[in-house]
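Some structures are shown below for you to check.
Both complexes shown next keep subunit A, but they swap its partner, so subunit B is in the first and subunit C is in the second.
So, the complex of A and B:
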């Protein structure tokens, strides 16, 4: 009991000792209008009011009211203030981990402007302080902290895979000098990977290697730290997020590369580009951009030549939430698609309005919520079906995984590809 | 100043001091320090957050709910007008018949909107699920204030009830959700700052 009280006190301190005005602003702003309901996939797919985004804000703000405000302390019934007890804690886990992909769609459409996904992440941080992160998600973080990558891929297995991919690259470009460089210092680019790539989707690594070859880029991969992901962002455990972010930061300095290119991974790119400088509390002395921006740069500067006739199938684009709505990379992927494929059809809605694939926010790692995750995926399946596309392109390996499951469950008959793959397919080698 | 005016004005001062505490607390805590490399323009994003992003065509909370959106706009307009009228009444400002007619009609529409919003909250299951007593009380108090304002606009003889209603509203305002009259602006600022820093706002090509 004392143990729970200590943990509870730590969680409440997150609310009672705000670092800036952002948290108390968003905790005091919701007016319970409920107009955010239709912006949330969970509500749309289930019509269950407990999934209304305002309810997710309410569970945190009601605790804030109870412990940090005059009204909540002395007239708790008036504002619906809540004790942080076992029941509330269970409700928090179910709603904040199990029913939110942190897609941020509700935030954009909130009538007031409450940053709902920020409040949900604060709630996750409270649960993290109480050691209440779902074990499935926490194990992914543990793997990254303990082994250096979230899939615990041994270095030998990683280098073997890359050696094989390098041979394939040499054959494909018909150049014995073509290479996938490892741990080279003073290159222009340090390229990162989502561990899903060496584990399950190695062709996306060869695709990017082919692009680098065509662009005559000076680049390297690191065997010490190549993992672009940071699942501690999803658990909102800042101490673990700092450990993971610090590793990539240190490796950039060790290899003395100019640019850190973040692989096609929505949350990974967000976590290192936008969150890591704040985890580490310093400005980075090197450039950090996403692979999407780099590909667009290569095309616009003429460093790679493309023939879009090589991509004739009807293709659509899925916008990863963390890259687009929360990361500002909105037009570059469209520019790439228009220069790379003959038949590009946008989803409705798309861009910053797009619906999540359903696998974000750590959902893919939390198997206990699989049924719910695939239920909300109906929305994405319908979006894809309406385009008539045969290929869904997405610059995010997490989304790739979820979209493949959607394809399988809803019998869409589509192929899922990354942007690098379709660019590599259209490249003309000179 | 008459006694009942003094009561309501004292309540107003208490309200002002309470909200000032919230305001200065926000100012003291300041904005989050962001160490990432900014790619957007805050000078265009923050105003966009208050203007362009509030365009009903850009928010599902508006364009999927036009009747509620319209009622909300009218209701809030009525509230602002009522607050302005409170000070005008305090200084015994008199209106022309035409202006009085316009005010009465405008407030009547606003009151109807407030009652409509209340009925919606009571009748819809999802809103009842979200609501706490504060939601109903706030709605009723503001609507009552507007009704008293309308009555006071018609006749000075209603001034006692009007000032009691105003005093109750002023005293309650800093306690519950009506604080959003202050926090709304802070929320829009933070959202504009956040999206602006990352180059997401102002939205360029996408709805």
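So, the complex of A and C:
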């Protein structure tokens, strides 16, 4: 019990010693208008009121009331405040880890601007302080912290894979000088990868290498730090998030590259581009942009030439929440689609109103909530079905995996591709 | 999880809870569950290699090793296992679920 009390005290300190006034404002502002309910996939798919986003905010704000306000400390019954006990802790785990993809749709729709997903992340941070992160999610963070990449790929296996892909590239572009450069200093670009690419899904690496070749880009990969992901963003463990972000920052300086290009990865691009300067408390002396923006730049500047007749199938686009609603990259992927494929059909809704694939917020890693994840996925399945598309394109490897599972479960008969793949398919080499 | 009247203890993602109870019959039943149907020679070559690699090293092999050892072309692997090498092939080979975005 003492052990639980120690952990509880650590968790409450997150609420009682906030770094700025933002948290307190967002904990004290919900007017229970209910607009967030219809934003949430968990509520829409189950009609269960416990999933309404405001209720997730309520848990944290009632703990705040109980331990951090005068009335809550002395008259807890009058204020609707809540003890942080075993029962509350279990409820927090179930709702904040098990029933939220951090998609941010509720935040966007909140009538008074409560940053609901920030409050959920604060709740996750409290659970993280209490060592209550679901084991399957923590395991991916541990792999990254301990081995340098979230799939524990040994360096030799990584370099062998890239050598293999380099041979394929030489064949494809019919040029023995075509390369996938490793650890080269002073290049224009340091490119990053999601470890699932070298491990299991390398077509997107080949695609991007072909694009770089066509653009005559000066680029490199690092064998020291190439992992674009930061799962500690999902667990809200800032100490671990800092370790991971610091590595990429250091490698940028070490290799002295101008531009850090974040692979097609929703949370990874958010974690390094928007969160990492706060994690590390630094303004970065180099540019950080996503592969999506780079591809759009290559097309608009004429650095690569495309023939969209090479992509004839009907294609739709899935918007990753962390890149689009939460990351502000909205039009570039549409510009790429329009220049790369003949038949592009939007989902309804799309852009900043789009629904999550259902695998965000660490859900894909958490086996504990698999059934729920595939239940809320019916919304995305229906969206895809209505487009009539044969290919779903998405600039996020996590979304790719969830969409593959959606295709399989709901028998959609679609292929899932990254943006780099469809661009590479349409490239004309001069 | 139940296939053909046989019960399997699996995690939330359908990976075997005890990887050591795996045998070829388990693989065939899991493949059936995934809608793959009868496993072909290529399927078996991949599944057996993944299994052996895991028994020897404790890890799922890289896709490069799978392609180079079995001679199956990369793009064909995704056709053979629609859920991909991790949730498809590794699961049929009785491995625990890998970490990361899979």
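Criterion: the second predicted complex is superposed on the first by the 427 of 430 C-alpha atoms of A that agree within 3 Å, B and C clash if a C-alpha of one lies under 4 Å from a C-alpha of the other, contacts with A are read in each partner's own complex, and residues count from 1 in each chain.
Here is the rule we use: contacts are C-beta pairs under 8 Å (C-beta built on N, C-alpha and C of every residue); 3 or more make two chains touch, one makes a residue touch a chain.
The model shown is predicted, which means the values in this text are computed figures rather than measured ones.
Legend: residue contacts after superposition of the two complexes on their common chain; A:353 is shown touching subunit B, with no touch to subunit C. When the two complexes are overlaid on their common chain A, residue A:58 makes contact with subunit B while staying clear of subunit C. Comparing subunit C and subunit B on the residues of subunit A they touch gives the larger count to B.
In the superposition on chain A, A:290 makes contact with neither subunit B nor subunit C. By the touch criterion defined above, A:236 reaches neither subunit B nor subunit C. On subunit A, the surface touched by subunit B in one complex and the surface touched by subunit C in the other have no residue in common.
Residue ranges of subunit A in contact with subunit B, taken from their complex: 18-22, 24-26, 28-39, 49-50, 52, 54-55, 58, 70-71, 75, 77-80, 107-115, 118, 273-278, 280-284, 287-288, 325-328, 330-331, 349-353. Within the complex formed with subunit A, the residues of subunit B that make contact are 22, 25-27, 29-37, 39-40, 49, 53, 59-62, 64-65, 68-69, 72, 124-127, 129-135, 137, 175-177, 179-180, 183-184, 186-188, 190-191, 194, 198-200, 203-207.
By the touch rule above, subunit A contacts subunit C in their complex via residues 136, 139-140, 143, 150-153, 157, 160-161, 164-165, 194-196, 198-203, 229, 265, 364-371, 397-398, 401, 404-405, 407-408. Subunit C contributes residues 11-15, 34-35, 59-60, 62-65, 68, 74-75, 82-87, 97-102 to its touches with subunit A in the complex.
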